[in-house]
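You will see chain A twice below: alongside chain B first, and alongside chain C after that.
This part shows the complex of A and B:
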């Protein structure tokens, strides 16, 4: 176990190092003035230029610069935006929880809907219920997320006018930012109309969550269905049947856990897809998350912001993937040998 | 569909599997209920509030520091008042914080009697101990007038509107006669002086607040956490997201405005339009030209329209080679077909600009000379000026929509294709609006697509800030073009009151602009604003920033009239009688 932990930590540290190294070189590869790309400031005079070079240690060797870069990453001194001079650390700190929030809801909805449906479909395979679930999952999986979101907006926001199309909550609710998670912030706030605020926040959540969750749900349905079908063919299930156990006893005692085990690593693989989709959805629904922020930065060629934004997002995806992978191994050490090279 | 099917299947599982699925079933039902509940009509918020979808971030909350209409919208008429005010319907100058004023026989001395019942905002960050008085007026004017004033250099020390008009050099003194009487003396008579005090930029700040900030060593906050006397108090600003205001309960004039005012910063015009339809915005700034027909068709929206006192243009940076050569500037202007720009970008909602002022102005010259489209001649001129084939230049396209240029990026792309025909390569550049203007002021651009919205009806308000030498450091002269002959003409035009004589002088200036081509005038556009029908009393203010003091919310959603809103109306009933 300890060996496993060390191995995964090692992998994580190495990947982080590679990512940091890559992002360190980005300003040199971006078009334009390297100093501006790093500092977010267009130097107006030779003195200012020299001073900035001094601050970012551009006059010293590459190793000094890299050391300084790592130091400023750790101390939260992430520089300022080229386009609006905002502190990047503060910006990301505000935007990131919003992204996490959407990821969490979409994942929750996908699990709650996808896994039971997958079981249902797998247990009852080749009957009408199974066919309709499979059809739904194929259709759901085939929709491009951005297109689905636009269709949702056209139908539910612009035609039927049922749901709002932008943001996390109506701005008239003056919810102070505490955690960055809107539902928690409402609970922590002292506004008078909390019930209305919750209802409004949920109304804002429905379309973005649904747009992301449909694809992920479809995937979970398919994974679960395949997994339970495999399990139900196993010898121990046949043995249990022959011993006269009821269908529900077999399912809960034997099939359920064994079918879930292979799903967890699949989840790890889907995390990056999920986050990519969330970032696209954020842009469409003006969700104030890191995806929308990053796309704005790209649009405005805000290189300091692009650099730090990409680093943070990739670090997040990478650590999440490795963590889930580690948990999977820890729960099911039997898989270790056979599939040790799945990452 | 999906929802229905899933909940049904879950129920059927439950029937067979017994209570083991109870938890999942309950969760599921809860989700389904939420979905259904949420699909109803918008829930009432229980607050009387208005959301205005604005197009960009204000640079600060002090319009003295900025001529951008985004800054003026967010502060000039919400947070502040002026001594005098333009009547939005007829443009007459009316007393505001000054209860009355008088001008001496020789036109040099202006005496203002001030209101005694005006208090400054009480907010989380400041509690005033005294009412508005003469000291606040003196502080507000001295801040931009007197370079030695302790607050002059706070937040940049540039006061573009006043600097471009050289107003600081026209005022001899600002004297306190008593606590509620101020006397301003000029060096020479200036018939536009009162109008300048009524523009968005001549706001009155709190001296008491300024002193407090100075003693606490953080004077820069005066423009970030503003204190004024206006109908709304500043509450919170988040870049690219929103600005919140709350109603000033102690405002000295009757208002019908909401308790909360929110500016939802939405930079995309299409998104503002969509939010207007869903009711997330009650009013939007700068609806896109292509959406105007949609707005007019819908029964729940109203389109407000006014011919704008504005001009959109393409300015060349005359302080930079090779754009310091009039031949190059003329060649570039010749290479572009203005007609197609008008059709593609303004969709016919604008008139062709021949020179700076629109036809609504008395100084308009219908027979002003203008360049036609002639790429062959353009290339000849470029060759004469020694511009090689494949010469590369920047066009800065402003990132926000304005009436005078609803889509600068599209226009830049069109110009790019035209210039490619004459062998000039174009890079299109765009920054965040505030950085954009700051870099323009520093002259980092080759050329820029931008424009000007007049602050009062006088043609001087076009000719002087746009092209005089004095307007270069203040950043309103985007062409960075300085011509002594032009400056002399503009100065001469102000010395007489005779419209005929002034018109003649402005025509000479037009000829000079044509010859030198520091900028290519493109269009004078209509001004639009779209509002939902449950907002009453919304008007386009032709003299600057948007106003919400007399705007009122009638109802929101189906037929839910707000108790709060009724209360407010009742409270103000006496005051409102003459308005209704």
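This part shows the complex of A and C:
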């Protein structure tokens, strides 16, 4: 187990290093002045240029520059935006939790709905309940996310006027930013009308979460259904039946874990797709997350912001994937054999 | 008194394109109390299907028709699911063909054995006492099947233990509920002879000491003749002959039984050096191309026109056979001598 942990940590560190290295070279590859690309400041005079080069150590060797880059990454000195002179570290600290929040809710909904439905239709396969679940999952999976979001907006915001169109919460509620997660921030704040604030925040959440979660839920249903159908045909399930165990005993003790183990890595891979979808949805719903922030930066050719935003998002996706991969390895007794006993 | 009785069991398998195949046709099988009965047949003769029908683990696309399948006088076919489950839980135990795939790969051996112990056996009060008692019983069971090193195996996962040990563990799990019937579905297949002997000895011991009735499903004639008191021969989903092992070996009435016994050189006492080994022509037909009537028909040396009808089982004392033209019997239906029967008998007695 320790060996496994060390191996995965090693993989993680190496990947982080590669990502940092790539992002280090980006400003040299972007069009325009490298100094501006790094610092976010357009040098107005030769003295200013020399001073800035001194600060960013551009006058020294590339190794010095790289060391300085790593140091500033760690100390939180992520540079300033080219377009609005905002501190990038603060910007990302504001935007990233918003994305994380949406990802978390969408994932939660997909797991809570997708996996039980998958089990249900896999266990009762080829009956009307199964067919309707499968139909739902095929239809859900076939929708492009951005189109679905637009349709939702047209129906629920513009036609029916049931739900708000954009943002995380109504501007009337002055919730101070604390953790960046809106629901937690409301709980921590001392505003008078907390209940209304909650209701409003949840109303804002419904459409973005639904439009991301439908695709993921559909995928989860399909994975789970396939997997449980395979497992129920296995010899050990027949053996368990022959021992006269109850249905629930067979399902919870033998089928459940064995069905989930092979699909966990697949579900984990979907998280990165989910994050991509969330970024698109953020733009459509004006959700102040990192995806929208990054797309704005791209529009404005804000190179320092693109560099840092890209690095942070890829670091997040990468560490998430490796962590889930590690967990699946660690809890699956049979997989350890495959790596230690192959000749 | 028959503990388990199967009468005219027919199993239909839906092959999908509006056709059904009779994978088993009018199979008869009885297992008496305290008896070891062997169910013999080639691979693909439907031995495991019979087992699946007894335990009731059949997929949706199979359907069963039978005059009766009874356990101890209770009809297993028309029984409620719950009652049948109870019987499977306490009275009938099965040891499957593939021990490693019949154990749940994600649960340790110890937990799986403990799970097979019926809750009624645990009489201690608190849950920690219960857990300890369960563990004690599990260790006892493992010792009983001849594994001494319980500490090594109880915490292991199925893929970490050798195949013969997992076979013994399957037997331990089967014995956990102290059943009346043990169905051993080809449990010694592919084992080396020392392990096989150990397992066979274990089965015989259980049969002697606990009056455990054993249905021993196998194609290993040597093992069968050494432990089974009676046997039923299955060919291509039809029971061809059944009776006491001794009388079957001495005087097989069905041509298939004879061919089966002849194919094992160990049974031919007077086999001369360099004499040809006897085997039936052809192979066992696939389920898609089953012959009508007696399924041995196309391969049978004695086959005649009548054989396109399924022969009704006839019995002489306890020896039952399904054949129109049995060997060693005076001709009743026809005066003509069977064309090939002489040839067949000749091969086995021609040496001197």
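Here are a few things to note about the model shown:
Please note the rule applied: the second predicted complex is superposed on the first by the 334 of 343 C-alpha atoms of A that agree within 3 Å, B and C clash if a C-alpha of one lies under 4 Å from a C-alpha of the other, contacts with A are read in each partner's own complex, and residues count from 1 in each chain.
Assume a contact is a pair of C-beta atoms (placed from the backbone, for glycine too) under 8 Å apart; a residue touches a chain by one contact, two chains touch by 3 or more.
What you are looking at is a predicted structure, and each value in this text was computed from that prediction instead of being measured.
In the three-chain model built by superposing on chain A, chain B and chain C fit together without any clash. Of the two partner chains, chain C is the only one touched by A:332; chain B is not.
In the superposed model, A:111 lies in contact with neither chain B nor chain C. By the touch criterion defined above, A:254 reaches chain C but does not reach chain B. Residue contacts after overlaying the shared chain place A:19 against neither chain B nor chain C.
In the superposition on chain A, A:241 makes contact with chain C only, while chain B stays out of contact range.
The partner of chain A that touches more of its residues, comparing chain B with chain C, is B.
By the document's definition of touching, of the two partners only chain B reaches A:157; chain C does not. In the superposed pair of complexes, A:196 makes contact with chain B only, with no contact to chain C. The angle formed at chain A by the C-alpha centres of chain B and chain C is 160 degrees to the nearest 10. For the three-chain overlay built from the shared chain A, the minimum Cα spacing from chain B to chain C equals 14 Å.
Against chain B, the residues of chain A that register as touching in their complex are 42, 44, 82-86, 109, 112-113, 116-117, 120, 129, 132-133, 136, 153, 157-158, 161-167, 170-174, 192-193, 196, 199-200, 202-203, 206, 214, 248, 252, 286, 288, 296, 300. Against chain C, the residues of chain A that register as touching in their complex are 126, 233-236, 238-246, 249, 253-254, 257-258, 261, 332-334, 337. By the touch criterion stated above, chain C contacts chain A in their complex at residues 52, 55-57, 59-60, 85-90, 92-94, 96, 98, 101-107, 115-116, 157, 159-160, 170, 173, 177. Per the touch definition, chain B reaches chain A in the complex via residues 2, 5-6, 9-10, 13, 17-18, 20, 24, 27-28, 31, 34-35, 37-40, 42-47, 49, 51, 57, 235-236, 239-242, 244, 260, 262, 264, 266, 271, 274-275, 277-280, 399, 430-432, 434-435, 439, 442, 444.
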